[in-house]
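Each of the two complexes below includes chain A, the first together with chain B, the second together with chain C.
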Partner chain A sequence: MIITHLNLGILLTRIWRSMVDVRIAGARSSTKPNVSAEISNLVTPGDVITADTGFMRGHGTYMEDEKLYASVAGVVERVNKLICVKPLKTRYNGEIGDVVIGRILEVGTRRWKVDTHAKLDSVLMLSSVNLPGGELRRRSEEDEKMMRHYLKEGDLISAEVQSLFSDGALSLHTRSLKYGKLSQGQLVSISPSLIKRRKTHFHNLPCGASIILGNNGYVWICPTINEEVEQTGGYEQNLEPIQKSDREVIARLRNCVLALAEHKMMLYDTSVLYTFEASLRYSVKETVKPEVMADIIEVAQQRLEREGT
Partner chain B sequence: MVDVQLSDAEKVFILHGVQDNCREDGRGCEDYRHLEIETSVMSNTNGSARVRLANTDILVGVKAELGTPSPEKLNKGRIEFFVDCSANATPEFEGRGGEDLATDISNMLYRAYDCPNCFDLQQLCVIPDQQCWILYVDILLLECGGNLFDATSLAVKAALFNTSIPTVTVTKDEGVVDLEISDDPYDVQRLDMKSSPCIVTLSKVGHSHVVDASQKEECCTLARLIMGVTEKGTITALKKEGSGSLDPTSIEDMMETGRRVGESLNKCLMDALAEEERQGTKKKSLGFLR
Partner chain C sequence: MAGLELLSDQGFRIDGRRPHELRKIQCRLGVFNQADGSAYIEQGNTKVLAAVYGPHEIRGSRSKVLHDKVLVNCQYSMATFSTGERKRRPRGDRKSQEMTMHLQQTFDAAIQTSLYPRSQIDIFVEVLQSDGGNYCASVNASTLALIDAGIALRDYVCACSSSFVNDTPLTDINYLEESSGSPEIIAATLPKSEQIVFLEMNGRLHEDNLSRVTDMAVKGCKDIHDILDQVVRDHVSEVSTVHGWEN
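Then we have the complex of A and B:
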């Protein structure tokens, strides 16, 4: 173990000096643990899930010749008589009450079009946002004219799914002070199926950064905002430079989130935090290298099995 | 260019990050992202390579064909670049959407390789004035994750390294010139491509410049300098792109950085290619599944 780490050290110092790190693709992932043997209910499209007719057809499956087939690659889940396949890689299928991160695509009449990584663009109605200042009133024509002033194309928001339209498009709302426009930070996009559903998706991590794990696979990482500052729904943005130490924490968190996603690990506050702590042995730059990533994830995984919840 | 939309706050975040020399993934201003190469990925070409630079994915194939040299360079062969932007990369490329970008990239490659002491075209000559090899370099953009120019040039260089041309024997019989192309797959000649250039793109973000800009960073740049650099640090081509203006002193700075980075980029690429060749047939081909 010590010898391998020494080798790694030598390797990394060489790379650090040369600034450029060119690898051979064949050298990658030669020692990836064989986990597929452990997951018995992993299916690919066209796999027969069951020939038993007593089951109900759920998402990600289809019926042919009285057999149930998988239509996506993923994990089979059974609830009583209902069989679904949860895909590994998917667009976001919204559910009411989910916390999502979205990007404004279009300002329309009394509504914004929002990209939430769903199959269809989501809608944020003017009537389902908090106006600056938190006034509660009917939206006037004046407000309609000010819409681009509140949120314009490209802006990021955190929101909650309010309802689903009949075609599957989502309607969002930001009628709570914890939702609203996002300020400085970084967006990372990963597969929505890797986000673990929790009571809360907003976390102020002890490492000095906040993270919002959107159910739609968008993860927002930003410096922790002082709680005492009155929350304004994000309409007042602080564009002051962020300290370098905070910035490094954010960059490290980003790399950790991507490492977790790369290794198909579920994301929630504990897993992110453990990965972050495991990564502290390396410099931020090193954490993007595949072998370092694998090492960090292994350490974090072991710790999760030992003491994780 | 392939654009992503960013909010003002995100742009400010990236801008200050570059100022602090701590970019979104903790890189410094002169660091490249993780880069992977694989050569001989396609059996029906004379040489091929695939490069993956973070999310940017590029596949290059080289086909050699015999042809007549162009009238102004009778004792030299030719290289032709063709870039194809796959609609798999982004829906914007559908139909003719990627054409502008494709011409930009291929023009830049032509310019970078059009330098007397970089890639020696005389080695492609078979019979002066009559026959020469023409290398058709076909480039396919499979995924866009920023910094397409650099990744493309690296893939081209790797593919040229991998290229082997069948040996041609020329026999003169009573004034009739006869060409015999060897069928033996091992009777081939490699190209001398050590001095072919790599393209280095320097993007001006705020008051500093960065190499290997990600898509988000490309969104924050107003001006960038694209340059071809050989292993010896010779700058073979220079192009300024974007709507912003550049100060002469900052151009000098950027060129200096580009030269330095280009040198080490060339060196690292050649090291990796040599390493891959050393592994020979033992190496495991990775293919396209991830």
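Then we have the complex of A and C:
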């Protein structure tokens, strides 16, 4: 007994020495820049924004005694007569037309419940998905019985926001071949406020991987599928093993996305690509280290400033 | 308590403060990545961590769903090593259950609950080190965590305790003063509008002195608000400068 414990102890110590990269909390360099002069139109909960009654109440504000108060901490945004306060981070606030990544939570009658990091679970109706093979017809009882064959609990999908319910819940649709079930790849979850709104959120990056930047802060990284033919809404999954080189690219991209999020940089195709290219000087394993991350981000940031968007 | 002078003739308290002085407050927002909002606060030797999850779909039984407002769910717990005597503290014990209820009531009053119908907000509070004023530090930490999570509040909620010794009201009392048998008033307020959302009193206090002691606690809340507000402003400025949102 004693001997085995001792052996285990020695073994663990060896593993520790060879694998663990130790940093003491105190030695960590503070990445925080010196706090520059406070931003002028900054408010915190309970601050009076204006006592003027001529304004309209937007998100993050409330009216009391004819005064407009802030209810969250953030920067005041004014569009004509409308005043809003945008907090730094929140749950995802859906808007119609947004591209989102979601995970199926529940199969219900004619609908799926989907987690999209919103305040309430989103709904994907059976009538708003493409049936396998792209058939266009009314959904029959047979289809209802087959629902779990199409999408089951734990499956990941990409979808678009179709409408909003009165309580703020989202209704999704996948009525396009670019949406649908996701097969092999990696999901990264970051703050929704870091995703830049763009014309397209699907990108085939030149480094050999595709990335879907969901507006809800979920980012999907997968190997690029070349054939146009394969866009079947994801019902036919390709479960062939993925090459090591592709997996390394995906892992590197994941680390880049996390590094961007860590440094509060906006995510869009160019920023991700520049970060990826800046990270090529290091091995994939090294890119999770905080100091390497900071270095990569600095290089990418400089390049972004130099070469524009 | 025999031999323990809570207030010296020179007007100093045991830890060297004047009657109206708060303990040193240090705090930080966004200490966890996983939570929607989180904060850490030190008030003297009392150290508290708070994490907020939500608003999200109600977990567990469907019957808890409130159709017009959000369900505020709190959990207060104390670490095994938080007090002088090491002791395992199961979550469901009476003291922490009572504290959980108090926190829940406090934040139900301060969160704009009607904005998030059918959903739930979880507030988890862990006391890492306890030196009196656990409720106050928990409330202050939770407020910061809620702000970090971007949840709409009517105002900050700040809590402060006060006591009454030698005809003098003391503010923000520590463990020694708390356990000396002198009366204790705990107030949680919305400092800007000076509304009291929670008030608790332990011990015996003459009616004539009540308003003085309460005023001291409310004044303490305002002082705490100023400190917390500065921290929040610094945090928001720093992050939004990086974002490039200032313009």
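We take it that the second predicted complex is superposed on the first by the 254 of 309 C-alpha atoms of A that agree within 3 Å, B and C clash if a C-alpha of one lies under 4 Å from a C-alpha of the other, contacts with A are read in each partner's own complex, and residues count from 1 in each chain.
Going forward, a contact is a pair of C-beta atoms (placed from the backbone, for glycine too) under 8 Å apart; a residue touches a chain by one contact, two chains touch by 3 or more.
These numbers come from a predicted model, not from an experiment.
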- For A:Ala25, is the partner it touches chain B (first), chain C (second), both, or none of the two (neither)? first
#### Entry: chain B versus chain C as contact partner of A:Leu182, first or second or both or neither
first
Touching A:Pro241 in the superposition: chain B (first), chain C (second), both, neither? first
Looking at A:Glu153 after the superposition, I want to know if it touches chain B, chain C, both of them or none. Which is it: first, second, both, neither?
first
- [ ] May I ask you to decide whether A:Thr224 touches chain B, chain C, both, or neither, giving the answer as first, second, both or neither?
- [x] neither
Worksheet item: When the two structures are overlaid on chain A, which partner does A:Val284 contact: first (chain B), second (chain C), both, or neither?
Response: first
In the overlaid three-chain picture, which partner chain does A:Lys264 touch, first (chain B) or second (chain C), both, or neither? second
So, in the complex, the side of chain C touching chain A is made of residues 36-37, 54-57, 112, 116-119, 147-156, 190-193, 229, 232-234, 236-246
Contacts from chain A onto chain B in the complex sit at residues 18-28, 30, 103, 105, 153-156, 182-187, 237, 239, 241-242, 244, 247-248, 251-252, 254-255, 283-285, 287-290
Chain B residues touching chain A in their complex are 5-10, 12-13, 16-17, 19-20, 22-28, 30-38, 50, 52, 154, 261, 264-265, 267-269, 271-272, 275-276, 279, 283-286
Note: in the complex, chain A contacts chain C through residues 32-33, 35-36, 38-39, 42, 44-47, 60, 62, 69, 71-75, 86-91, 119-121, 167-168, 263-266
